[in-house]
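Once you've had a glance at the structure underneath, I'll fire off some questions.
By letter and in written order, the chains are A, B, C and D; residue numbering begins at 1 in each of them.
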Amino acid sequence: MANIPDERYDEIANDPFCATLGIELTTLESGGARTELTVREELLNFHGTPHGGVVYSLADAAFAAASNADGDTALALETNISYLSAADVGDRLVAVAEREDETRRTGTYRVDVAVEARAEEDEAETETEDGSGGTETAREGSEGTEEASDPENVAIFRGRVYKP
Amino acid sequence: MANIPDERYDEIANDPFCATLGIELTTLESGGARTELTVREELLNFHGTPHGGVVYSLADAAFAAASNADGDTALALETNISYLSAADVGDRLVAVAEREDETRRTGTYRVDVAVEARAEEDEAETETEDGSGGTETAREGSEGTEEASDPENVAIFRGRVYKP
Amino acid sequence: MANIPDERYDEIANDPFCATLGIELTTLESGGARTELTVREELLNFHGTPHGGVVYSLADAAFAAASNADGDTALALETNISYLSAADVGDRLVAVAEREDETRRTGTYRVDVAVEARAEEDEAETETEDGSGGTETAREGSEGTEEASDPENVAIFRGRVYKP
Amino acid sequence: MANIPDERYDEIANDPFCATLGIELTTLESGGARTELTVREELLNFHGTPHGGVVYSLADAAFAAASNADGDTALALETNISYLSAADVGDRLVAVAEREDETRRTGTYRVDVAVEARAEEDEAETETEDGSGGTETAREGSEGTEEASDPENVAIFRGRVYKP
């Protein structure tokens, strides 16, 4: 982070909406950033999984930080996201943004969202007294298409910025 | 809304994350939905405009409502969003989702996000006593690429769902 | 087409790659265009349906024509396409592009690709001597997810241009 | 390629549209593929650069090959592409597809398109008799936004398939 001026770092780290959701900026460098968020009940959708807007916001926050780290204003033009698997309450989600290409006026970034640390209840499942291994996790069952997915990958995001 | 069972309507209207952000579901019908949100300071990014995650969440909430209105679970696979112009604190944002195509296993939806009602200060600007027209708006000047944009259009979102 | 200078029209209508594939420009106006192509054997993929690159190229040609119709150079930054259903050899595909939003430096376009006219064999199916209605069409059965899809809709494309 | 049955390899390698454009399949493995194409005059658009449909088709061919290599039919649902820089006639373009995530019913792939080998004229420029270095390349000047781009990167493509 040595190459990001303190003023710039503070401005980005104090993003009002990130504070509202509890998104933390944990790395910021030229063209790269890392944001983190722990899933809470109030961030779920009506299916009981993290709202798409929550996963997107975490990725978008990393994208905005990475693309504005050098000090020139970069505005999002187009973004897209592929949802891969859900996460549970208590899981720690991490989004890592990196610049893929840059031109004078535009920049292309990729952000991977993954589960870094599982909620404690997952571990607790193997410690039930009766040795049954506990109930099935919400993860296996809530997502019909995702049985074979690597449980670490939650989403892949890509964005293009314009530098006015 | 006559064709959406009360239970289904209540489940969708009580989405926890929408409650957290203040997103209201104002229309729900088969394949269509409308959500609304007033921009507040806590929803801004470090540029001083609504965070991309806020605009996306409003659109995604309309998308999720529209695609789940009929009762079968629909999970988001892929979405993309084009950002067109920013909005100001106090503006009322409206997202209108409609189904564009449906197959047995997938569905395609489009969501338009626009400013429905401007913050009061915009109107007040033309009523200043000295006739100066007030201060410049945040809108003009904050978005280098957007001068010629229709101020009503904030973003266009598109999403594909899978029905497991 | 009265508002597009002849020189500009000729330049766009004589696109080399469109000539290679057989894509015809049938409408050109400010912010809008229509392109057409008849599906031939040489445009199929190894599944026996029109190659994704063919459907995309038809849409992209309409997008490029619409976004360059006014004379200022517009370069594609980002595009995306949703594939809805396949088409058959002999089908006439039509792509209609329209501008959705424009700013000083960027523009957003939507292109709908549909089957305008069916291959003759489809009609012939109802004229078989034994009145059986003929064999099942390749369409029904070739696309596992598309049974319920409106057979007219082949794809929805969206693109963003930058005007240097 | 040992793990791809000959029949499957032959089916994919003999894609009719790829033959039409001159796209060659040079690698095929489980979840991965590489396709190549040399830019010819007939593949250009009216700007004089490779048509977006050509770059897309090359990427889409690698995507289709990679996602169908294991033998199960995979159909493209959604794709998107970011255009980074143009290429010249004579350039050898290479698209490399790799699987990023897979579930029982869907798969996510990324394809990078780059210039592998420059047209001979680029090299010839440094061999002019008068030592002037030759004329400016078409590349510099044809793409207003791309001056700072790595000339190797032409596009980044991402696609999602459905396995019926």
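As a working rule, contacts are C-beta pairs under 8 Å (C-beta built on N, C-alpha and C of every residue); 3 or more make two chains touch, one makes a residue touch a chain.
Protein identities per chain, from UniProt: A, B, C, D = Acyl-CoA thioesterase.
From a predicted model like this one, the values you see are computed outputs, not experimental measurements.
In terms of the stated touch criterion, the partners common to subunit A (Acyl-CoA thioesterase) and subunit B (Acyl-CoA thioesterase) are C, D, listed by label.
Taking the mean Cα position of each chain as its centre, A sits at the greatest distance from subunit C (Acyl-CoA thioesterase). Between the chain pairs C-D and A-D, more C-beta pairs are in contact across C-D.
Remark: subunit B (Acyl-CoA thioesterase) and subunit D (Acyl-CoA thioesterase) have CA centroids separated by 36 Å (rounded to whole angstrom). Chain centres here are Cα means. That of subunit C (Acyl-CoA thioesterase) falls 21 Å from that of subunit D (Acyl-CoA thioesterase). With centres set at the average Cα position, the gap from subunit A (Acyl-CoA thioesterase) to subunit D (Acyl-CoA thioesterase) is 30 Å. Shared interface positions of subunit C (Acyl-CoA thioesterase), i.e. residues touching 2 or more other chains, are given as 77-78, 80, 82, 105-106, 144-145, 160, 162, 164. Residues of subunit A (Acyl-CoA thioesterase) that touch subunit B (Acyl-CoA thioesterase) in their complex: 11-12, 14-21, 41-47, 51-54, 56-58, 60-61, 64, 68, 73, 75-83, 143-145, 162, 164.
Subunit A (Acyl-CoA thioesterase) contributes residues 77-78, 80, 105-106, 160, 162, 164 to its touches with subunit C (Acyl-CoA thioesterase) in the complex. Contact residues of subunit D (Acyl-CoA thioesterase) toward subunit A (Acyl-CoA thioesterase) in the complex are 80, 82, 84-85, 100-106, 108, 144-150, 153, 156, 158, 160.
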